[in-house]
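There are two complexes below, and they share chain A, which is joined by chain B in the first and by chain C in the second.
For the complex of A and B:
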């Protein structure tokens, strides 16, 4: 019987340069899991997936009801920073997941992506994979909230984002910034899962400011 | 029914013929007397997978908020009205007020009587939408009553003009409250749907339904809800709302004896999009005129996974009055 589902995807950079903060990120994912799994109102409506990317992109956690997940697999720092592989894999996953949810009779809210990277893309042509993902011709195109750390170019993060963009301001260490990112992601899922729009469906809620990050104005893209 | 005396506790066999479990009774002290067994509460209505969160209020709210639940009902135009507005699981869990509102009323006029049913759904992310919906239904009801009393003959009424006037008055009331509180009117945003019922021809009841936003109506006829078109690929979350929009849609429905008009907010309408679940609600709502208020509330306050919005539904069963 149909349910209302709001799918969240975490797309996280696992390149070698993430080594310093990867443990904090994994710790943050553990806290996110505990928070969502223990909130039945939010768990009833949200699903969560993790895709890690470096030289390639890998689904670390398929779209899941976190109340049914024992542990979120950890991220591992390695290799380069291929944005194109991440966006292609993300589109495939969204297509597959939305198709399955619809086949199961569910009502699917527009998917939400939290994207995090700390470096410039090492692949060429990622922009076309991104354009395919966010094009209105793709019915399940997601809303993307993008976060940038360290060396990533501010304009790159603004190009990736379609909803909100944040850039680490250098005022805190990368480890602290990753913890704040994970905390912001958790709050967004909880608030989105418990805030209803005019249609009675969950609606995306993202903080206007995240400690350690500067919000980037998307209208200047 | 069998019982066994275990010291000071009398245990009642829970297997019963009518499907209700019976409660154990406990007697303390001497002499022991057997209390009459009573049916236990059957638990929530679950037309499908139940919600994981219990639909119970958490902390008592502080401040001027509408009650968790409002129930109403009565007989009018030879039919039966049952009405409930219930705070959703999400708002109960988060200690937030009900954002839905409703009112039902009868209007006595020279040519007979009319009924006015109003439901509203405060837009979730507007800070004062609970007030917006409450003000909206009150203003719309007052305006509709006033206008109906001026009708010489309901058969010659300009319903579009009536609907526009009612929505304008509701919008003005909401905007006025916002102005008084020095808050943007958008923070009071609410949908609103109003139905006027009058006697139709040859034993029917004519219902005019007008609304702004995604609150609306369904018709239950011969045990099944009217069929809707398919749903979109992806559900987006926008709706028109008062006071920024006050141009209403207007439809009319002729209700035959036994038909049921359901005026509802999207917390109920979305539940009815699923055919199997819709059939289970239809089965429950087809028992009028014997449905008491507590039974009606039990149906509307059903536990359904992921559908945790406030729920408001006003049912009118034509020709069902005793």
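For the complex of A and C:
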């Protein structure tokens, strides 16, 4: 059992507008799983969860060691784009998972969230759910890397992100952009799980540029 | 060994970057990118990310090694390591090198991600259903692979080379046609008393707690070899030689062999001068009965190199009998 683990959460928009690219996203998840399962050190030092959201949020894969996982429920496009449901569910999951990992004897590094959406939020008040999630008063508040596609407003993606933000530049199809997103997530997990601090702790690595996306500068406070 | 008879040093083979038929893409690592060549199926090209930091003399010492060896040793070197064979320059600037391609026996085929190296990390974690494509060695096969790794270290130490950056990814293994190890990333090796091609920090969790300064030594190689063996044999990545009962997890080993490996582990956990040589590890991992002769010999931790195994170019001197015994 590893001492220090880095949890990754994929929070993915499953709204109806994602229909065109959802198969590419599911294909990307299969590759991500195989890549990490074939890299035992990375699998040992990272954990991975998938939350899909549309009208509500659903945990498709609870936080897991991917070397133990043989199936991941696929993402399916349906319904609206409720950011608030996603952030509330994510906070609950992080709280539960961090507690469990600690009870199992691990020390837990700050969780990392890869958030992806292709449309504007259809719910009101999502900002307060987001604020609850990223507030320093929540001890396990995550670092969020946010990706925007198609209709989503650039400022919304910048607002969701706390670590890095990327916006599809329209130079590639949504399907290709989703494949690049999945590839970027895979690389981030593999590099973070392999780039260890002197103590052996995995260290978050996220690419500065992702093909098909423009990196958005985050506002400084 | 370097010729000491006044003969000129062997010529270093050099190729111009512009003459290479490089296939785009390739795997990018921390220090460089390894690329295939369209016209050479037996070699690959590693291009460094930052040519400005390279020590060309260090690469030339690596490249000269095969030419200074006997035919048998050269064959051993090239069969057991991806040793650099030609320097690559861009004009007058050293930018990379050619090395032998890792033989197909050290790869496996995953149905989703394709060709993957059988890295030593796969020996250090329990098998999982999701890694079905990775073969699971028996205890005897593990012993043979680890012994082969120790023999590679002993061979290089015997030729005054330090392995340097030892980790779960810099050495690969195979079961077929026979269980054995193969050293990759050999540009991390350095000749004793000289700096490496590129400064390298220890891979985290492969650190030598007694390492002094920035440069790996034979003593640090000896410690990391102990990690390689302990982690590979116990199938436990967090293993350290300081663990109580370091081979207690392998009750299936013959008792005498388990005791011998435990003794070596305890010595590896001690001061620098007690660290067992690679040759001692190789012997303990073998299937011959062990004869305990003395405490492990001292290891070197500085510029002065003491060979750890008989060197064919410098055989043991005959004893001179000084007085008759009654």
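In the analysis below, the second predicted complex is superposed on the first by the 214 of 221 C-alpha atoms of A that agree within 3 Å, B and C clash if a C-alpha of one lies under 4 Å from a C-alpha of the other, contacts with A are read in each partner's own complex, and residues count from 1 in each chain.
Throughout what follows, a residue touches a chain if its C-beta (ideal position, glycine included) is under 8 Å from a C-beta of that chain, and two chains touch if they have at least 3 such contacts.
From a predicted model like this one, the values you see are computed outputs, not experimental measurements.
Following the overlay on chain A, a clash is recorded for the pair chain B and chain C.
Of the two partner chains, chain C is the only one that A:66 touches; chain B does not reach it. Within the superposed three-chain model, A:41 lies in touch with chain B and with chain C [touch as defined at top].
Within the superposed three-chain model, A:208 lies out of touch with both chain B and chain C [touch as defined at top].
When the two structures are aligned on the shared chain, A:110 is found in touch with chain B, with no touch to chain C. Among the listed stretches 37-45, 55-63 or 253-261 of chain C, only 253-261 clashes with chain B once the two complexes are superposed.
Touched by chain B in one complex and by chain C in the other are residues 1-3, 40-41, 43-44, 67, 196-200 of chain A.
Residues 110-113, 116, 121-122, 124-125, 128-131, 133-134, 168, 203-205, 207, 237-238 of chain C are the ones touching chain A in the complex. Those residues of chain A lying in contact with chain C across their complex are 1-3, 30-31, 33-35, 37-41, 43-44, 66-70, 196-200. Every residue of chain B that touches chain A in the complex is listed here, in rising order: 47-49, 51-53, 88-90, 93-94, 121, 123-125, 189, 191, 213-214, 231, 233-239, 241, 265-267, 270, 273-274, 276-277, 305-309.
Across the interface of their complex, chain B is touched by residues 1-5, 40-41, 43-45, 67, 98, 102, 105, 107-110, 139-140, 194-203, 205 of chain A.
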